[in-house]
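In structure tokens below, several structures.
One chain, chain A, appears in both complexes that follow, with chain B as partner in the first and chain C in the second.
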Partner chain A sequence: MSVAALSAADDAARTSDAPRPDAGVEVRLERLSKSFGSVTAVDNVNLTIPAGAFVTLLGPSGSGKTTTLNLIAGFLAPDAGNIAFDGRPVASVPPHRRNIGMVFQSYALFPHMTVFDNVAYPLRMRNRLAREALTIRVGESLELVGLTKLEARYPRQLSGGQQQRVAMARALVSRPRLLLMDEPLGALDKKLRERLQGEIKDIHRRIGSTFVYVTHDQTEALTMSDLVVVMRDSRIVQVGSPRSVYEAPVDAFVADFLGGANLLPGEVMANERDAYAVRIANGRMISVPQTGASHAPGSKVLVFIRPEDVKISHSEEMVGNVVTTAAVVREVLFLGESFKVTAMVGPHPVVLRAPRVQAEGIEIGGHVMLAWPPERSRALAAPTGSVSP
Partner chain B sequence: MRAPRASLAVNGLAGAVLVFLLFPVLVVVLISFSSVDFLSFPPPSLSLRWYRTIFSNFEWINAFLLTLQVGALTALLSTLLGVPAAFALSRHVKRGQNVVNALVLAALVTPPIIKAISIYLYYVPFGLLNTVPGLAFAHTVSGIPFVVINVVAGLRGYDRDLERAASIHGASPLRAVLGITLPLIAPSIIVGAVFAFMQSAQELLIAMFVLGTLEKPLAVKLWEGVRVAIDPSLAAATTSVTVLAILGLVTVMLAGRRARPTRVAVQG
Partner chain C sequence: MTVSTLPAYPARSARLKRISAEYPHALGLLLLAPMLSWIAVFFIFPTAWMIWQSFSERGLQPYATILTSAIYLKVLLTTLKICVITTVGCLILGYPVAYVLTTARPSTRAVLLILVVLPYWLDFIVRSYSWMILLGRHGLINQLVTGLGISSTSLPLLYNLFSVSIGMIQILLPLTILTLFSTMVRIDRRLVDAATIHGASPWRAFRTVFLPLSLPGVYAACLLLFVSALGFYVTPALLGGPEQTMISQTIMVIASDLLDWPLASAAGVLLLVVTTSLLVLYSRFFRLDRMLGGMAR
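So, the complex of A and B:
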């Protein structure tokens, strides 16, 4: 292909806003397992990553995220199970033929090469391009990540954020249909991290490749992903959209890991139509919708409710379909736009956010009413060994 | 008050030890610039006549060239064999690494006379006696451990993700190692090769067994010179060898300095 034809094709690709429908690859993991000696790093993982999706593996350190990514990349061979790209098994395909781009946690920029040579590396290995075409492609990739005029520098002469962008440009330059990122923003400060989150999301929208993103930061996972995969102890515990994992966690671990969660111990007293009647620590019966796992009467549960769904008031009067319970204020923290209030329901704390107007007259030791819409709460199985109500 | 005095004492002691160790070298260096025919210290006056003598003498020049030939071949062979061995050792030997390490080091601690005799007996049927490659092969046995030790250390400090980054972006395993890993651990390889060279240049016993009395590298020539007739030309030759060793050390230090920014970049 001539240079002119190539850049004409590029122009066409750039002017059409939507990425090509086949821009991303579908990745399927089937019963995937991997151990290191006696340590199980990935345990029977099943997951389908849709073509073109932004999927985040979210979990605490040591939960098996990097190992899963290394299995997809082909750096490690699974002990059991299969990986398929677009339905084709890749077990016999070595990493350099999987056509993947990758951003490493340490960036892994080649220290003995300039920015230009780093970004050109995948093109030199994969595509035989004339020098002009190569220069154009490298320039485009650097432009995509918002980095220009630094081509002649060496990685050690760049700031952390600039190194991160070079790593992105290198991973994207050969237009891979799959991009793997292992905590790519982990080493950056909060402000820069937030900006780059937006930019990465924007790049995903423009190129349409499948992105598999690893992080232990729940905000990052919620803001960036189409699909969040929550991992714990080498296993997947929940897969869903950011909203569904945030609003309907399957267990107390997910509830807590995705953000501040109130978990009130209680006991299921009865099943009424589509709701449980749960008695909580202060003796009050509250209604919790029956969704997800079912609980028999008599079983111990944790009633889950997000702090921002809990309202506070001084009077018994609460309008609308709400669950109410009495509580005693233990702590009030001024956060700026709101107050963070901790109130005790029996021996258990409930945290909530009160806007400044609502917080008028709330003082430590005061008796208040807490209320929340029952549909925002969930009954989660109490982990064995938890305190009984 | 106490700490400075203590450190003064330590520094003084260190200085004394250094003088004790370096004094003989200093004597030899000074004598090499002597203007008279016999060994006297300090020399009555200075001149370059002994350097002119050895560098215009065929035997000394041949000895010098032979040492360079054998040393270069030794360094090359030690590198070619030692680098792959270091990769295998640090990446594929999971259990029994200590045993393999001990085996590698065994080549260093075997008494030289035993090495010399066994190599002599071994070489007779192969016709390797009295050949430059023969001596280089023998020196390579002791040169390999220097390369292996240095390269294993280099690989330990090397971020494996760099090689993975090359491989995921399209480089075959061979291209990833040649294009990324080897250039980045080059300082360790250079240090190993320099040590292998210097080890060969100073080795006497095996050289005498393998080359007999026909061809003499510097070490053998010096040894014979000491036995036959002592004059300041020996000191001049010794000083030349010392300069060679210092050049080697400088190379090692420069290689080490080149390595540092690499490592910083890998971490940051």
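So, the complex of A and C:
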């Protein structure tokens, strides 16, 4: 506490719980494109990242996430399009003047410097601080990431998790209004990754900077973000809150990438009030709400429903507003707290989670009824031709 | 064939196992044997013979002659001076080239590397003679200088320290560049990015991150250059004047003109001692094993 008392007024403001209102910068990407030779890495990307938000770029490897981050950082110049921070174009601002903090995928800690010197580096480059002020700021930053007493060590003497924290401390020490992170937890084991996810989220709440976080792990994106930006093949395919991209994916790719999705092929037969009547492979007509893209009668669609929204029963009777269909059990896997059941609707599998009590008596080859609330399902455009979801 | 060798295999492998258990270094020694015998016959034996010869006839007297004679000491000093100039010159010229090589795109890099290595395949003597054509009294440069009226008399460019240094630098430059390059390519470029994004201008990022990380390569190059320069013979003989006589030339003169083999051997032994002590000192200070094996990381 004496540490905090010694530092300047704005240091004191920082340690209080509410972040400063101007703590984050708004980042706008307009028609941004970048190619490497014949490879298009970022293709006409439009995105507004609100000030102070935690935004995740989520997509499979090679979808253009790192390139987008490098464009924001200024390591790469876009072939076309603009980047603006708080409405001001940054095309002519070199990376070292953009006032950004960055955590690299491999951490990129300076191997010839101690932990202290690594963390002090941005302060030495950006701010002219007296020795005591510098020491205090480095100490604060290391405390923020939960790392103390290791100042004299070299990066190679640290564990992966500790290196990750040092990289965070270095990125945060000069209080940048924008923090870029490229798969910062990719190299860590699952337990540590989950713990650090919580800690990073907590740091974001405390300092209020804009965080742009790159990952290919959908759980990470869903648990941490205010806004998820799903990328595929150099383009943005969907932007939305974690719930909206999870519950209302715009296409089969997003549906599948964000977690196990059931996609039942069907044909739109009618277009009644707020719902489509869709005939699925076993001949049954089911009701699917009309949201998102519209489908003309006769068009092929994929009916999307999450495994956890599907219920299973041995008998016909199912009450409430549900759609039901008959199915044959193909596989039952014990997962601990629940069973993973795969049931066939015609030739198409439907995966669902059955709690232990519900799973009693479910046998492979047995006939069951599946049911789900229609509002949880979506009709997605079926991929045309040979393009697979 | 197959039928007869198959049953034998387990037995043979068991025997091999037993042998390798009893003599854990046997296989390594076996593989090293050709090289070790080569070194023994063509290096260790002649060296030992040279050392023996330097003492056998007149005891320590040849050493006393060298260490007390002003001429030999001057040659030794000249040699050291030329080696230092060559080493420093190579580093100053080679560092930027190696740096550019690491930043170049792979296709450009390949072309540049070939250009760097190309002179290495040209004969020493050819390269030294080409300098004579350039720098001579009636050489290209002097013709240009007098022709353009910059100077009325031709400039003394040849047979001096300048021409020897330039000739030796040219010969050792590919080695310099390759040594520096091999260290520099292993530096993670993301480290420079990390410096830049955290506020360092390109120059400061270079000075605080790239340069310190490239120093092991610089130290390795220093040693390699200095030791290589110590043994130069042809270049100073062709491009230097009497003032630039180096130790190898002197040894040659003692051996083939004065026919004083003990004296020549003693001079050789002294050169060997200087070189070896340099290596030992250097590896103490700069951890040679790490330098040549890359950064420990």
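Assume the second predicted complex is superposed on the first by the 374 of 389 C-alpha atoms of A that agree within 3 Å, B and C clash if a C-alpha of one lies under 4 Å from a C-alpha of the other, contacts with A are read in each partner's own complex, and residues count from 1 in each chain.
One rule holds in what follows: a residue touches a chain if its C-beta (ideal position, glycine included) is under 8 Å from a C-beta of that chain, and two chains touch if they have at least 3 such contacts.
Keep in mind that this is a model prediction, so the values were computed, not measured.
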Clash-or-fit label for the pair chain B, chain C on chain A: clash
Partner chain(s) touched by A:298 [first = chain B, second = chain C, both, neither]: neither
Contacts of A:174 with chain B and chain C, given as first, second, both or neither: both
First (chain B), second (chain C), both or neither touched by A:361: neither
Which superposed partner A:75 touches (first chain B, second chain C, both, neither): both
Touched partner set for A:160, first chain B, second chain C, both or neither: first
Partner chain in contact with A:110 - chain B first, chain C second, else both or neither: both
Interface residues of chain A shared between complexes with chain B and chain C: 73-75, 94-96, 98, 100-102, 104, 106, 108-112, 121-122, 125-126, 156, 170-171, 174, 180
Residue ranges of chain A touching chain B (in the complex, touch as defined): 73-75, 94-96, 98, 100-102, 104-106, 108-112, 121-122, 125-126, 154-156, 160, 170-171, 174, 180
Contact set on chain C toward chain A in their complex: 188, 190-191, 193-202, 204-205, 208-209, 212-213, 295-297
In the complex, chain B residues that touch chain A: 159, 161-162, 164-173, 175-176, 180, 183-184, 261-262, 264-268
Residue ranges of chain A touching chain C (in the complex, touch as defined): 73-75, 94-96, 98-102, 104, 106, 108-112, 121-122, 125-126, 156, 170-171, 174, 180
